[in-house]
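One structure below.
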Amino acid sequence: MKKIEAIIRHFKLEDVKSALDEQGVRGMTVTEVRGFGRQKGHTEMYRGTEYTVDLVPKLKLEIVVAESAAQGVIDTLVQAARTGQVGDGKIFVSDLTQTVRIRTGEVDGDAI
Amino acid sequence: MREQKVRDGWRLPARLLAAALTASAWFGAAAAAGAESETPQSAALAAAEADRPVLDSGDHAWILTSSALVLMMTAPGLAMFYSGLVRKKNVLGVIMQCIFLMAMMTVIWALYGYSLAFGGSGPWIGNGEFLLMRNVQMSGGAAPMEGSIPRLTHMLFQGMFFIITPALIVGAFAERMKFSTMVVFMILWGTFVYCPLCHWVWDGGILFDGNEYFPIGGALDFAGGTVVHISSGISALVCALLIGPRLGLGSQPMPPHNLTYTALGAAMLWVGWFGFNAGSALGASGLAASAFAATHFAAASGGLAWSACEWLLRGRPSLLGACSGVVAGLVCITPGSGLVQPISGIFIGLAAGAACFFACTTLKARFRYDDALDVFGVHGVGGTLGALLTGVFATRHVKGGSAAVGLLEGGSAWINQIVATAITWGLAIVVTFVLLRILDATIGLRVSQQEEIQGLDLSQHGEEGYIFI
Amino acid sequence: MREQKVRDGWRLPARLLAAALTASAWFGAAAAAGAESETPQSAALAAAEADRPVLDSGDHAWILTSSALVLMMTAPGLAMFYSGLVRKKNVLGVIMQCIFLMAMMTVIWALYGYSLAFGGSGPWIGNGEFLLMRNVQMSGGAAPMEGSIPRLTHMLFQGMFFIITPALIVGAFAERMKFSTMVVFMILWGTFVYCPLCHWVWDGGILFDGNEYFPIGGALDFAGGTVVHISSGISALVCALLIGPRLGLGSQPMPPHNLTYTALGAAMLWVGWFGFNAGSALGASGLAASAFAATHFAAASGGLAWSACEWLLRGRPSLLGACSGVVAGLVCITPGSGLVQPISGIFIGLAAGAACFFACTTLKARFRYDDALDVFGVHGVGGTLGALLTGVFATRHVKGGSAAVGLLEGGSAWINQIVATAITWGLAIVVTFVLLRILDATIGLRVSQQEEIQGLDLSQHGEEGYIFI
Amino acid sequence: MREQKVRDGWRLPARLLAAALTASAWFGAAAAAGAESETPQSAALAAAEADRPVLDSGDHAWILTSSALVLMMTAPGLAMFYSGLVRKKNVLGVIMQCIFLMAMMTVIWALYGYSLAFGGSGPWIGNGEFLLMRNVQMSGGAAPMEGSIPRLTHMLFQGMFFIITPALIVGAFAERMKFSTMVVFMILWGTFVYCPLCHWVWDGGILFDGNEYFPIGGALDFAGGTVVHISSGISALVCALLIGPRLGLGSQPMPPHNLTYTALGAAMLWVGWFGFNAGSALGASGLAASAFAATHFAAASGGLAWSACEWLLRGRPSLLGACSGVVAGLVCITPGSGLVQPISGIFIGLAAGAACFFACTTLKARFRYDDALDVFGVHGVGGTLGALLTGVFATRHVKGGSAAVGLLEGGSAWINQIVATAITWGLAIVVTFVLLRILDATIGLRVSQQEEIQGLDLSQHGEEGYIFI
Amino acid sequence: MKKIEAIIRHFKLEDVKSALDEQGVRGMTVTEVRGFGRQKGHTEMYRGTEYTVDLVPKLKLEIVVAESAAQGVIDTLVQAARTGQVGDGKIFVSDLTQTVRIRTGEVDGDAI
Amino acid sequence: MKKIEAIIRHFKLEDVKSALDEQGVRGMTVTEVRGFGRQKGHTEMYRGTEYTVDLVPKLKLEIVVAESAAQGVIDTLVQAARTGQVGDGKIFVSDLTQTVRIRTGEVDGDAI
C-alpha cells in the first residue's frame, strides 16, 4: 500500500479527478491547505498596512493505492495537474503498513 | 415622476378647500385677530400664496424615507444578494462595484445627471436648468418645490435610481471585468442610456405618458420598468455576450459561495423596494399605499411561483429559487405598481416567477450566454413582462380619471407599452454595444486569465474577503 | 388596532377646530373668494366632508415606514437571528422557512386572512367584507380609509404581523421538521389560530377591550402580546413536545454556528420593533412616541438584566445573552408599549430579562423539551409576563381617559389580562395540538434520520449555505 | 437641537397664516356651524391655542424614522463595520461592546442623561428638569412638545447619539480592553464628557450658537461634529495611547478577518446617516432635504477621494479604502450638513477622503499609536476638519436669516468654529486621560496576555463567533 | 511509533473520542477534509445549474501511538466509527521514525 | 527524504517561518487543524448549555527535506515554536519513498 500525497492548485481539481477516474482510482481525500514555496505570494493592503502573503491556497490530495498502481497514479497526477507555471505543487509518496475499511473491517488490498 | 402627479381623489377637494380657507380666513383675520396683523397682506396675495406649492411634511417624510430605502437596496441589499452568488475569490469585487457606483453615480447626478434627466421638458434630453444643483438647492432659507416635496428630495430620490440601475448590470459581467473599464463604462452608460431614457419616460420626453411629440410612445411606467429594469437587463445581456463566459464555465463548478448573503440581500431588496415603488407616488398618498400593497403581493407570489416550479420540476424548492422568484415578482410589478390593483399584483408576480424561472434555466442553458448572475433572466425578462402586463392590468380605479387604461378594462395602453418597450430595448442594445466595442478596442474589457484565476478581490483590489485563519 | 384609536389629547381639540374651520371657512369662501368658487357646495356638505376620515400624510408616512420595518423584522432580522443559532448544515433551512412564510402568508392575507381577522366585528371571527381585497383597494382614484390612513395600509401593517407570528414558531422545530409539513401546518395555524385570535383582540371580538360579548375577556394588547407572542410561544412549546428532540441532543454539541448573525439579527429586531410597537399607534402621534420610548427602554433593560444574570451566576456576560435579553425585553413590552409610561418599560424589561433567562436555562433544562431556539422561553414566557405586567403598569396618562387602568393606579385591568392570557394559552395549545396530530398521522412531521444527519439544507432544498473552498 | 429651530422660509408665513385662520375661523364657527359648538370657546382662547406648539405628524414621522435609522447605525451598522476589521477571535467582543452600549447608554439616558444634557439652559450642565423622564412622558393622554414633535421623540432621537458616540470609541481599544473596565469607563465618559458637551453645544451652553455666556465659543454644529465625532475621535486617541498597542503588532499580521462585514456595515452607516443628519432638522422640512443631500454628496465624494488616493499612490483602489472614504465624508459633513449647500458637500467630502487617508496611513505609521480601527484617523481628523470647513462653507441660503455666515460669503463663523473645536479637544483629552488613569490604577484597562492571545470572544464572553465545522 | 490516520463521519467524532479516551489515548489531531469514494455524493441545484458534489465532508483523525498500542486503537476506531453504511471511512497506518514534544524536547515514547 | 509534520500554535507561525527561512527551508504546507491533548480546552456557554471544547485550534506544518537536513529543521522547529506552556505541540517524522515536482517532473532531491 502506498500513500500518495499531492499538493495541487485549486482549479486543477476537476481535471485531476477525472484523470484519476479513468485510471481506475476510486477514492481519495482532499484537504484545504496553504502552501509556501517558490511561487511568490501577493501583497494585500489594508488602510495603512501592507501584508505580504506568502502562503498560497492549495489543495492536498491523499490517495492510497496498491503498490503496483502507484506509479501510474503518480504519472497521471503529474500530467493532469501541470500548468508549467511555478506553484504547480508536489507529490510525496510513502509506505503504509496497514489499511482498514471501517464499514467492513476489511484490510489492506480489499480496503480501498 | 411627473405622470404620478395624478393623486388619489381625496386630495382634490382638500386642495380646493384649502384655497378657499386661505382666502376667506384672511378676511376674518384682517377684521378680528389684531394681534396677528404684523404682516398685512391683501386677499389677492393670499390667493397667490395658495397656488404656490406647499411642502407637505408627511409626503416629505415618506419620500425621504423612501430615498434611504432605495439606497439601502444597492448596498447592503444588492451587494449582499450578488456577492453571495459569486465564488469566494470575487466577493469583494462585486461589493466594491456596488459601493463605488453608489459614490460615483451620485457625484455625476449632482454635477449634471439630474439636469440631463429632469431639466426642461424637451423631447430628447434635459437641459442645463439644474446643472451643479442650480435651482435645486435652497436659496434665502427656502427650498424650491416639486409638487408637495422640495426639489432637493425629488433629486435625491431619483438619484438613488441612477445608482441602482447600473449596479444591477454588474451581475452580468461578474467575476471577470476589469474594474477600471467598469468605471468608465458606467459613466458613459449613465450619461448616454439612463439620462435620456429617464427624460423620455418621466420628464415629458418621447415616451412620456401623454406627450405631444410621439403620443404612441407614451408609456405607463410608474416606478421604473423601462427606465430601470429593461434598460439594465437588456444592457446586461449585451455585456454578457460581448465579454464572453467566465473561464472554466461548464467544466469547473461555480456554485454560490454564500447563499445566506444572497437570501438576506433578497430580503433587504424586498423591504427596500417599498421605497422604490411606493416612494414613486412622490407622497404618502393613497396611491403610495396601493403601490406598496401591489409590490408586496407581487413579491410574495413571485416567490411562490418560482418555488412551485422547482418543486414540481425538480422535486424540492430551494432558497435561491424562492429569493429569485421574489426579486422577479418585484421587478415585474415595478412599472405597474401604482397603476394596477394590488390583487392584480398576485397575478403579475405569479407570471414573473414562472417566466423568469424559465428564462434563467431553460433559455440561458439553450443559448449558452454567461449572464453570470441572471440580470437578463430576471430584470430583462421580468421588466419586459412587467411593462406588457401593465398594459393589461392598469386601471383607472388606481390611476384616476375616467378613461379606460389597461386591456382588461378595454383600454389601449398595451399598444404604447409595446412601442415603448421596443424603443427601450433598441436604445439599450445599440448604445451598450457601441460603448463596449469602443472600450474593448481601447482599454480592454476583461482582466487577464491569471487575474481571473486569482480572483478579482486580490487582482483588482489587493484584498481578501474572509481571513478566518 | 381598534382600541388604539384613542389618540393623545391634543388631537381632540384639533379635530373640533378643523371641523369648525371647515364650516366657517366656507361661508367666507362663498362670499369672498370668487376665484375659488368653481365647486359651489353648501355648508352642510362641508360639514359632512369634515366627518369623512381624511388621510393624514404624516400618520400615513409613519405607518408605511412601520410596515417596512416589521417586514424587515422577519427577514433579514429574524432569519439572521435564528439562522445563526442552528448548525451550519441547517442554516438555509431556517432562512428558507422565514422567506417562504413571508411569501405564503402574504398571499393568504390578501386572499382571505385580512377579511377573517378584520372583517365586520362579530364576537368570533371576521366576515367576507374584505375578501380578495374588496373594500380595501382604491376605487375611482380614491382609497377607503381606516382612521387617518388608507385601509390598504392598515391591511399591510397587520399583514406583516401575520408573517412574523408563524415565523417565530419556526425556532421550536428547527433542524428537524419536514419543509412540506411546515408549509401545510402554517397555512392551518394562520387560519385557525392567528385570524380568530386577532379578531378577538383587535377587531371587536371576545377579547377586545370593552367588547360587549365577554367584557371580562377584554384585554389590553397594544401591539401583540397575546396575538403574536403568547400565541406563537405557546404553540412553539407544543411543537417542540410533539416533534421531539433533535437527533443527538445531549450527546453531540449543537452550539450556534454563527453568533455574529444572531447578534446582527437581534439588532435588526430591535430597530424593526419600533415599527411593530410604535406603528401600532396607527399614526405619528404622541402615543407613537411614547410606545417607541417604552419599547426602546425595555429592550435596553432586558439586555442588561440577562447580562447581569450571566455575570453574577456564570462569571461573564455573553453576547448571546445580551441579545436574548434584548429580545425578551422587546417581547415583554409589546402588549403594554402604548399603555405604560416609558420609564415603566425599564422595569418591564428588567423583569423580562431575568424571567426569560431563568426559563431558557433552568426551566428548559429541568423539563428537557427541545425548544431548539427558545421560542417558548422567550416569546411564551416573555409574552405572558408582558400581558400580566401590562395589567399592572398601564396608565390613563398614556391610554387617555380618566378611569384608572393598571393595578398600580388602582385599576382592574389585570383581571382581564389574566383571563385573556389564559384563553390565548388554551386556544394555542388545543389547536396546535390537534393540527400537529393530524399532520403527524398523515404526512409526517419529521424528516428521516438520514436527512436530519445530512442537514435540512441539502435534504430539503438541495443547497449548501457556505462554499468557502 | 435648538439652533436648528430656524426653519426654512415657507414655514413662517404658514405659521402666521395658521394663527390668523384660527382666530377668524372661530368667528364663523360660532355663528354658523351649530352642530360643532359643543365646546364654546372664545377667540382669545383660540389664539392662545395657536401659540401652543402643535404636533406636525409629518415632522414626527420623519424623526421617529430617523431615530430608528440612528439606532441602526450602531448595530447592525457600526457593529458590522468594526467587527469585520478585527481578527476572528475578537469578532464577538466588538459586537458585544456595541450591543451592550446600546442597552446601557439607553438606560442612563432615561435615568439622568437626557436631563443633564437638555434640562434647563445654564452655561455648564443641564438640570433635573427631565430626571427619570419627568416632563417628558405623556400626562393625561397628552405629550409635552418640543417644537413640532413630542419631547419624547426629541429625547429618543438624541438618545441614539448618546449610544453611538461611545460606541465609536470602541474601535480604538479593540482586541485588548477588559469588558468590565469598558463598561465603567463608558458610564463615566458619557456622564462627564458627552452630557456636558451636548449641553454646551445644543442646549444653550457655552458653545451654543448665539449664547450670551461665551459668544466666541458659539459653534455651528448641525448634527454632531463636535459633540459626536471630535469628542469620540480625540478620546479614542487618548485611549489608544494609554492602553498601548496590541500584542504582536508589527510582527504578526492583523488583517481584517471579514471585509464583507465591513463593507456592508459601511453601507448601513451611509443609509443610517441620513437619519443622523437630516433628522437633526427635527422635522421633514426643506432643511432636512438639504442636509440629506449634503450628506449623500459628501459620502459619495469621500469614497471617491480615498479611492483616488489609493489608485494613484498604490496602483489600485480597495474596497476597504472606498468604505473608509465614505465614512470619512459622512463624518466631515456632519457639523455642516444643514448649514452648507449640498454642492459644497462634494468639496467637503473630497477633502475628508484625502485628509483621513493621509491620517490613517502616513500619520498613524509615523507616530505608531495603535488606534486599532482608526477612530482618531477618521472621526478625530474628519470631525475636526468638518468643524473648520463648516466655518468656511456655511451659508445664509441654508441657515436662513440675512447675516453672512461662512468665510466664503464673508462671515466670521470660522473663528467660533476654531474656538469650539479647541475647547472640545481639551475637554475630551483631559477627562478621558483622567478617567483612564484612575481605571488603570484600580481595575486595570487590559486583559491578560493569555486572554489577549486567546481572543476576547472566549476570554471575556465564553463564546466563539463562527463554528463552521 | 505508529501514526494512525482515520477518515470518519463528522457525527461520529464524539463517540470515537470517548472510546479512545477509555482506551487511554491522550492526544490526537483533527482535520476537516472532503472525501471521495464509494459513498455517492449528492446533487445541488442553483438556478439553472445542477452540480454533482461527490466530495463528501469527513473528518480526518491523526493519532500517534506506541507500536504496541496500535492494534487496540485501530480496533476501537473500527468499532466506534462504524455505522455499516457506505462511507464510514478508512484507517491508514504508517511508521514514524521520530516523535518530539516541542514543549520539552522529549522524544518518541515520552513525547506522546 | 523525510517528511516532518509539526503541530504548532497559530501565533507561532511567523516565528517558525522566519526561523526555517534562515535554515534554508524553501517550502512547506500548512493546514488548519484542531488538536486534542494535555492542553485543557475551554468551556463555552450558549443560553442554557455549557460545552467543554477540548479541541484546540492548531496549525499543522508539513515540511519535506532531505534526510541530512532533517535534524536541523527539527531542532529549529522545537526552538521557534516553544513557549513552555502545555499545548506547544508535537513533531512527527516519517520516511518518504518518492518526491516529485509536478511542474517539471523532477524527483526526490531535486523536487524540493
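Order of writing sets the labels: A, B, C, D, E and F. Residues in every chain begin at 1.
The criterion applied here is as follows: a contact is a pair of C-beta atoms (placed from the backbone, for glycine too) under 8 Å apart; a residue touches a chain by one contact, two chains touch by 3 or more.
Everything numeric here is computed off the predicted structure, so don't read it as measured data.
Undergrad: With contacts counted as defined, which of the two, B-E or B-D, has more C-beta pairs across the interface?
TA: Between B-D and B-E, contacts are more numerous in B-D.
Undergrad: Taking shared residue numbers divided by all residue numbers at the interface, is the value for chain A and chain E over half (same) or under half (different)?
TA: different
Undergrad: Could you please state the distance in Å, as a whole number, between where the Cα atoms of chain A are centred and where those of chain D are centred?
TA: Spacing between the chain centres: roughly 54 Å.
Undergrad: Could you grab the centroid distance between chain E and chain F? Build each centroid from C-alpha atoms only and quote it in angstrom.
TA: 18
Undergrad: Roughly how far is chain C from chain E, centre to centre by C-alpha average, rounded to an integer in Å?
TA: Taking the average C-alpha coordinate of chain C and of chain E, the gap between them is 49 Å.
Undergrad: Could you say which residues in chain A touch two or more other chains, in rising order?
TA: Chain A, residues with two or more chain partners: 31-32, 34, 44-46, 53, 94-95.
Undergrad: Find every residue in chain C that makes contact with two or more other chains and list them.
TA: 21-22, 24-25, 27-28, 56-59, 61-62, 65, 253, 255-256, 284, 314, 318, 320, 462-464, 466, 468-469
Undergrad: How about chain F: which of its residues touch chain A in the complex?
TA: Contact set of chain F toward chain A: 1, 3, 17, 26-32, 64, 94-103, 105, 111-112.
Undergrad: Show me the residue ranges of chain C that touch chain B in the complex, using the header's touch definition.
TA: Those residues of chain C that touch chain B are 21-22, 24-29, 31-33, 35-39, 46, 49, 54-62, 64-65, 67-68, 71-72, 74-76, 79-80, 83, 91-92, 95-96, 99-100, 102-104, 106-107, 110, 132-133, 136-143, 149-150, 152-153, 155-156, 159, 179, 261, 284, 460-469.
Undergrad: Applying the document's contact rule, which stretches of chain C touch chain D when the two form their complex?
TA: These residues of chain C touch chain D: 6, 8-10, 13-14, 16-17, 19-25, 27-28, 43, 47, 56-59, 61-62, 65, 69, 88, 255-260, 263-264, 266-268, 270-271, 274-275, 278, 283-290, 292-293, 296-297, 299-304, 307, 314, 316-320, 322-323, 325-326, 341-343, 346, 396-401, 466, 468.
Undergrad: Under the stated contact criterion, what part of chain F meets chain C in this complex?
TA: On the chain F side, the touching residues are 44-49, 51, 53.
Undergrad: Touching chain F in the complex: which residues of chain C?
TA: Interface residues on chain C, with respect to chain F: 253-256, 310, 314, 318, 320-321, 324, 360-362, 364-365, 374.
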